[in-house]
């Protein structure tokens, strides 16, 4: 049984089909990349899997349980966590607090405990803070810990987003263009981070237009076009697939992909 | 039957007043996402200024025109002196500023004018039309036409002109508006002037029916706001429908159920509507993707 | 220096009460100081604007007592503000003359509390007396939901039975409503109605009157003493013709008989007020006039401007005082001292008040 | 030295010191009343700091909950024979329950739509209070039983105490309590979720927070605060009118909250202090009173964007650094 | 065309640009590279008048525009496609584009609109839909197309390739090159430094609010420090 299973998933917006009849599986520790032209439906797919959109057709399963259209917070409790293409930072909170909110599931307690600040509440607070700090270090942002998110640059916010998602202790992590806005060197750091996370057994579903990154770390690549599966296979297979090259990679992307594969 | 018709006439008259206020809200909201709580004061200023200019011997049309001009100027000043300096402040801050402005304008009006209740003669006399046993005052027809005219004007402005689009763009994303070369300060001044003028026009039209005094603005702003939200904030058509609907609900509740709870009926309908349609009847869902 | 306090609804919904009241007090203080003050001491008036808000009124009442340390207080334009302040003056033992309408202010009697306007109960009685004389027994009522209208409605319901009057339609309207035709349509369609009463103040009664004519209802319309100012006639326009209401002599000063003891008093007040403010008088300013004059008289009688107990005692024993509301004779169980005779039944004819008896 | 203490404790310390030393500056016992009113308003405002400042949900109807609290204290002692203090609790429970029941559908709304819905809720409560005159005395209001604080203390110490003095200390303690709870919340797991909802509901959901529930929690807590403030006002004034539940009072509370600095408890208290004391100070302007009030509100919001206190704090720390 | 001298700016108390000197000549493509948080976006905000300058000057076509309002700069031909796309989410795609040409009311607007649609056919398909419904990359196309509608003399691009599919990155670079033929000057900030430098005439390297290097693009591509820090090779 796969960790994440997607069967026949589809959704329409005002009569236009954004995603249609999609099937795929993700196993623990696996990195699966979704690529495809702009508007192919990648983000929409993420939004359906993570419960933000209700799909019109099909099912999503986690460990074989049907979790289609479950509220996002319920999915988070089952170990599904994500980042956003359009940043959703908590702007008026510090970088550290952003990540601490990510630890919510491990620190929550009855409201009255927090209102009265019972010792257990303070203790959890301290633990969370330490954990959040460790995560910030992992994305090289410990210096920005006490800065308000609204005063951070785009690249820094992207990394906070990742740290926050990691704070949920996910079993499966959905990353929507994590390297967008990062230069080659910064992308390499992210690439190492993702590989490391996968190593720990977390399944990763990745949307990214940076072919160097995708081809280097994915176990498996799915290419979408107009909401439907165009091709599926290993990075090498995909990067050679003429349909993918024509619709998506182009000459430049093809070259990058080839470079990455060595 | 004639009594039902009478309730409808009453509802339309009152509703048109609310609709005019709501339309005034729409303009500033569309330019800045701010609900201008001083909108009721614009209506008051229109009415009160007309009263005093008229009493000074100016013919009613001249008085009305001067009053509208005066109110528009105050609108521009409000923008220039209070809204523009607060650029970049959050929407809540701006709302508090407009509440401060409404207190300020009311205070000023009670000094410059007075605290008495006033009216001036209806434009076409007070002899009611008798329609199927129900009566309707000529001034009510003026108000209805006024609301319709303002609605059509605004609708055309926002859907047909690039300037209208620029107003919407300014509210939607001020930064982007500046980057495409829109003079957002001018757009704001324009919308405040326009909104104040619409408010003052409302004041001129309704004063013969509702009477006016320095503090009528509070209640009008409240009802107009409710009407605008029921219709869907930002949509002129929504403002028109919302206003008329609230007027009709109040009149029929007062007529058929209980006059004590007619305001309550209006708010219950608003609440239930919003539960089903969180964007109001004709409101646009704001498009933000993640 | 004699410190007299006042807190009135100078702004807000009841400002058309508080505004003339405040102006009257200011005028009287100037006048009395020009004439050498009370018992030779100059008077200083400390005036606050409570906007008709009971919580604010209570704060100002405390401020007058504890911070300003006034010797007596005039004020409370509305029943709500008055009732909120009563406990403070009772506790601090400061004489307090209210300018609000409800009978509840002085019934039951409170030791330190007085009032000058006729009660709403008296207004109902006066109206019903007139109806009875005209053979009216089934009436409709349309009342404002503000404090004044609500309280008077209750009093009218209470006393209607005494006059064999049955209230067969009972409608209300909100303080800022602008169209009452639905309510009036219902009254119009009620069988057997012979007259309509409208307790309320502000713009409401003017609109009711206009809607009444718009609907072509040709039954007698009775307004309350809450509309007793010239502006009502202006606002209601032609529709006001034939409207009846109970009011104080002040409104019809010119029509009073030459030997009426009230005539010189009200004529002087009218003239003074109009010179001082340039505005026409209303009965509301008259309430303040009565309160101040009565207080000054009490201080003179008591021979003190500081001993509140003595002043209170003198106030309570006011007798034969001639004010704008009528002749006042107070007693330990009547802190108003007016009777029905002080009210005149007026009708609006040709845009002016006329006395009908 | 002060900077070593955690901000939460520091805020409480500052507040306690202010409450303690303020009476030394009072020229007359009247100022105890103003102090008490400031505290009572502060309590309602702290609730709104949690709702508006932390969670970013606006309400233009909280005066309605104050009305419930006030009338619970007015009605329960006579009709149910409940002692005044229990009536206060009863009011808080009713307000909390009402908020709980209506909160779910209402809080699905956003921004101005939420504002109008809460406004409607407040209006409905105030209309009931106005119209059901047989219970509430209608617009003219009704008397309220005494809480018996003064009597109780006099019995204990055998002294003659002024009501407003006793109330000053009682309300002062209540404010400290209210502030303590709100400050506890700020940096707690729950508080953090509320503050994150302020910025992005979707992101808060994806980290596992049941956003609808947390918004409801904030709404209920703030309703309870408002209700307690209403009860206290009724018991303090011993007289109550439906004005307490009016739309204008709701707006006043929100204004206090924002003016002082919506996100901070001390800011909220500063806002309550300003707007409660200002009308008293402005009486010297007579007819210009309202003009001045409006002007001051506008100026504060224009020049102190983050609200009174946060701006002052920023200026001070800048001074300290320079 | 564009010259910046000793430019400084701050967010609150923190200075983020510490005296930038920079020159863009007419008809050039100039690129600016730098790490996250270096201040690239901030510099562009200053150039467009969104961010006030605390010290230094900006000259555009000989005029000192340091304090000119944004709309005046657009009128003079200095147009930006900003970071984070900043489209009008509630307006339709076509309305977005037409607002890009807000200064102009002539027939060329319609022609430009057709050209924009030709450049990004997907935008034609979605012309009547609210722009907020577009995918990330589609929004990026819209932002660039909208800037082109403003008939720039000098185009400022903040990470134009962000979120675009590789095939479109090629296309954007081609477009930028073709702009040069139309005599449009381009100043582009890009994280994809390799691609950007390969089409640029000159390049600047920025680090923590300062210009570190300025050189012809080819020299930068060959520079070891640049290769290591930004190209990752």
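Letters A, B, C, D and E name the chains as they come in the text, with residue numbers starting at 1 for each one.
Heads up, the rule we're going with is that a residue touches a chain if its C-beta (ideal position, glycine included) is under 8 Å from a C-beta of that chain, and two chains touch if they have at least 3 such contacts.
In UniProt terms, the chains line up like this: B = ABC transporter permease; D = Branched-chain amino acid ABC transporter permease; E = ABC transporter ATP-binding protein.
None of the values given here were measured: they were computed from a predicted structure.
Shared contacts of subunit A and subunit E, meaning chains that touch the two of them, come down to B.
For subunit D, the chain whose average C-alpha position is most distant is E.
When the interfaces C-D and A-B are ranked by how many C-beta pairs touch across them, C-D comes first. Comparing mean CA positions across the assembly, the chain most remote from subunit A is C.
Centre-to-centre separation between subunit B and subunit E, using Cα means, comes to 42 Å.
Averaged C-alpha coordinates put the centre of subunit B at 31 Å from the centre of subunit D. Subunit B and subunit C have CA centres that are 35 Å apart. In subunit C, 10-11, 145 are the positions where the chain touches two or more neighbouring chains simultaneously. Shown for subunit A are the residues in touch with two or more other chains, namely 43, 52, 84-86, 88.
Chain contacts: subunit E has residues 133-136 touching two or more partner chains.
Chain pairs that touch one another: A-B, A-D, A-E, B-C, B-D, B-E, C-D.
Only residues 27-31, 33-34, 37, 130-131, 133, 138-141, 143, 164, 233, 237-241, 243-244, 279-280, 283, 286-287, 289-290 of subunit D touch subunit C when the two sit together in their complex. Against subunit B, in their complex, subunit D makes its touches with residues 52, 58, 105-106, 108-113, 115-117, 119-121, 123-124, 127-128, 131, 202, 247-248, 251, 254-255, 258-259, 262, 287-298, 301-302, 305. Listing the residues of subunit D that touch subunit A in their complex gives 181, 184-185, 187-193, 195-196, 198-200, 202-211, 217, 221, 263. Those residues of subunit C lying in contact with subunit D across their complex are 10-11, 47-49, 53-56, 58-59, 62-63, 65-67, 78-80, 83-84, 86-87, 102, 104, 145-147, 150-151, 154.
Subunit A contributes residues 43, 47, 52, 84-86, 88 to its touches with subunit B in the complex.
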